Amino acid sequence: MEFQDLQIMAEQERSRRKAIRIHCCTSSGCQASGALELFHQLQAAVEAAGQNERVDIVGVGCMGFCGQGPMVSVEADGVLFEHVRPEQAPEIIASLDGGPCNVKQGDHAHPFFSRQLHIVRRNGGVIDPERIEEYIAVGGYQALYHVLHEMSPAEVIDAITRSGLRGRGGAGYPTGLKWATVAKSPGERKFVICNGDEGDPGAFMDRSILESDPHLILEGMSIAAYAVGADQGYLYVRGEYPLAIARLQKAIAQARKHDLLGSQIFDTSFNFRVDIRVGAGAFVCGEETALIASIEGRRGQPRPRPPYPAEHGLWGYPTLINNVETFGNIAPIITNGADWYAGIGTERSKGTKVFALTGKVRNTGLIEVPMGMTIREIVEELGGGTPDGTPVKGVQTGGPSGGCIPEALFDTPVDYESLAEVGSIMGSGGMVVMDATTNMVEIARFYMEFCMDESCGKCIPCRTGTVQMYRLLSKISAGQATAADLATLEQLCHLLRETSLCGLGQSAPNPVQSTLRYFREEYERLLRKRVRINLTSR
Amino acid sequence: MAARTLTINGTLISARSNETVLEAAREAGISIPTLCHLDGLSEVGACRLCLVEIAGSAKLQPACHTTVTEGMEVQTDTPRLKAHRRAIVELLFAERNHICAVCVASGHCELQQLAVEVGMSHVRYEYLSPDCSVDISHARFGIDHNRCVLCTRCVRACDEVEGVHTWDIAGRGTNARVITDLNVPWGEATSCTSCGKCLLACPTGAIFSRGSTVAELERDASRIATIVAARNERW
Amino acid sequence: MKRHQYRADALIEVLHKAQELYGHLTEDRLLEIAHSLHLPPSRVYGVATFYHFFSLTPQGEHSCTVCLGTACYVKGAMELLATLETESGLRAGSTSADGKLSLLTARCLGACGIAPAVIVDGNVAGHADPEVMRARVRALLDED
Amino acid sequence: MNRLKLATVWLGGCSGCHMSLLDLDEWLIDLAAHVDLVYSPIADQKTFPEDVDLTLVEGAIANDEHLELIQDVRERSRMVVALGDCAVTGNVTALRNPLGEARSILQQVYIEHGDPRGILPSTPGIVPILVDQVVPIHMIIPVDLFLAGCPPSGPRIRAVLEALLAGTPPELVGGFG
């Protein structure tokens, strides 16, 4: 494949397009709301109306507004339909020629859409993720070509470094620095791993990206492999995401067929293979050493770092691990330049971040916003506040490793440092809104139960400390605990944070500590003076 | 082998460049509590008892898994570390049914000794009192899960020294437990060579030789290191 | 297994495949996998029980999985689960005695936009209503 | 010099700790010179008195009587010492905990394994009601000192008492079992 071939493919794809293109979201969220049936009905309606020559129905990736699914959009005039029922398909087709249409229409000018900035999700809801031609038609794989033919690995790393991109998996480690470490680590072989083990409950950014634009991730991984000198990649995807896995398999097969993966890519000496590894239900595998153990076919238990995977990773070789969203930023950075990317966001957090906005909020779904937007803007403007007008109480970011940010601090901008300052983390991007009716002790208990169940059991503080903390939270919640119990809980928070082997245990206290910090009275209200003991019930 | 100079608790000591902080400390006569570490076996860094403070590092580091560096300043016994160690030992005592009074290893038990070492006067946490089984299907040995601390020393001794990998861990979190072969009774585990290395490696009374009664079980865990050393030197 | 060239690191892939083919992992099958991949049986068992996806007991003919991710939790997934537990007489994670139905929970299906979500026999239902789900579960249990 | 008011309490335990105390033989006579034993299973006193200086508690909390008594002990003692492993950890008394809550234990003991099959003891006011889970005493009340051992040896008990009599903090070495 040559650059010209790419352009020819893109041109062919564009020229075979029909006058009207109707996008029907076929991502997991909308599929659950009946999108597949709708898709078929739309096709049938086009057929019935004799519009085959003029109208194309395209199954596309996620448009983001999952709560309003299934979503349908008409490309040319930008009309957006929400909550579309299959039987409404003929109405939509008729409306193309001015027919009456009572299908609920969405508003592109709504802040939910207008305040977003799409970099990683630019193709979501626009292209058919199951056809590589569509990705190529929007300029796909040109960044890879450019990198292989016009940039040295060092130049690629330099570009990523200058862009200011930081890891989107949670901790925000500078991506360029990570790549540079892997590149300079000596090793006969090197590996690139894409961490798609999106385990945070309440987060589905990675699922959506993988379902909507799998080639974007493959291209990002390929560029990374070239930069660090790897020839093999692994895409580790949660088993809970069958659609993402199926689309990735398809994407890999297509890329191989077009020699965009495999040997001598773009007629260079660069070889890169990608294999999928399907997770089997273990949150801890999001931790990079546990993920490596899992790819090696072992129990997903972390090991102490250092040595870091960048030096000693998969089968002992230098290994680059980035998450899905991080890889999603790579091709756009190469295409538009590091300076362009560095111009977006805040001083220390560059670019955009994808969030899954869920919970007690009117507009649930996936959003991509520039770093630095405030939580208030996200929750109130994009999210539209709570559905029934109940006051918002707080928002949990970062899932079980994150914290709860109270409404009073909603003017905090979303960037790595600011979120850490208020006791939470960026995390992978889950943002669960809680309203006044949400019981914060219960929320802390919910997350602790999660951590307890997901603890791998290797290190003592996490394995049994989470059990003790869960019991204490249950006791408090049931009104059976004393002030001494609360003190013990706080000591355990401290212990787990400082002594646990991996991030799971170290961050498990976050939800407890942040709710204690901002909603302490909810705990204290539940305390009793005297110890209570259960006697035999007769 | 190049030498490294470092300080542990303010005392200047020298160590070989590939040594761990734990090894360097022990050679200098400085004791750091350990549980999952056993000379001769690979390190897993799981018990977190040997965590030390290293100047310049915000995080505590496991001495067993941290290589010495030139000029390193290590603290092994600060109030913070002591408090953490005590809490970890208490968590272990609360996790399963460690009843010293009726244990074959009482008086010869590393966990019991650790409790003394870290100054555990009582356990502040709720005893979880799980219902654990005892397996005495093996002709010579038994395993009492009530006393297991999941240090995986038996797993590693069996895998790395005996080379048969009869033991492993099943399940996860606090439900994890050691198993033999496909979770069969130990006596039916055909891969077991009855070599007894797991018995030597076990820090508590979890793995015991049948026939020993309360406080009778004595064994020498350092024999694992002796076997490994002998093998390395011979070949 | 052949496809993975009997490589030890393919263990998880092989377990996935075996479970997909047979519904659950029996001890015989685990032993067979151990022999083929030249792995100690204890290691195979250890891996199979570490990951929650793998089941060593047969699953029901039908399955109903309630998502307990945060978004679903905030939107009443616990009440939903309680309703289904009462209706089916099953505790979450168990299968009815006649093998008809398994009532399960999931950590997060990533379908947070349509919370609360339930999967019935592989089909995701969003904005799940307790009464509707109760009727569906009843129908599955009563089916001949 | 004021004589110290000493009490010893026997909760859910085997009385071995008291035996160990009695093993101090002639030293007990020395002790008697300094203390008044105001309450003890080996003294004839029905209710726990007020204003006790030092109370040694043997045994874990296993029933409602223990629960009540330990509250009195705490309210009326300046210093409470958990004496022996049962008081400190639950120990053998707590061996029933893994078997389930109290009712299930009674069922197993009196009905399933009873020979001949008996009935569940239920004589309110006479037979104490079991707590569901046996707990060490510090789970109910604040404890000032923990003296582990099953039982703690006579000399260890003596060392602690001597230190306390002398008004110095006792050094607690050695441990459980």
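Lettered A, B, C and D in written order, each chain numbered from 1.
The rule is short, and it goes like this: contacts are C-beta pairs under 8 Å (C-beta built on N, C-alpha and C of every residue); 3 or more make two chains touch, one makes a residue touch a chain.
Please read all numbers here as calculations on a predicted model, not as lab measurements.
Traced through touching neighbours, the fewest hops from chain C to chain D number 2. Counting steps between touching chains, the shortest path from chain B to chain D takes 1. Interface comparison, A-B versus B-C: the higher count of C-beta contacts falls to A-B. In terms of the distance between Cα centroids, chain A is separated most widely from D.
Inter-chain centre distance (chain A to chain B, centres taken as mean C-alpha positions): 39 Å.
Centres computed as Cα averages put chain B at a distance of 36 Å from chain C.
Between the CA-based centres of chain A and chain D the separation comes to 57 Å, rounded to the whole angstrom. Separating the centre of chain A from that of chain C, both taken as means of CA atoms, is a distance of 23 Å.
Residue numbers of chain D whose C-beta contacts span two or more other chains: 133, 135, 139.
Among the residues of chain A, those in touch with two or more other chains are 282, 299, 454, 456.
Within chain C, residues 43, 46, 50 each touch two or more of the remaining chains.
Every pair of chains that touch is listed here: A-B, A-C, A-D, B-C, B-D.
Looking at the complex, you find that chain B touches chain C at residues 159, 164-172, 179-183, 191. Put simply, chain B touches chain A in their complex at residues 44-48, 51, 59-60, 62, 65, 80, 84, 87-88, 91-92, 94-95, 124-126, 128, 149-150, 169, 171-176.
Across the interface of their complex, chain B is touched by residues 82, 85, 88-92, 94-95, 97-99, 133, 135-136, 138-139, 143, 146, 148, 150, 172-177 of chain D.
By the touch criterion given at the top, residues 61, 64, 67, 101-103, 106, 122, 129-133, 135, 139-141 of chain D touch chain A in their complex. Chain C contributes residues 27, 30-31, 34, 40-46, 49-50 to its touches with chain B in the complex.
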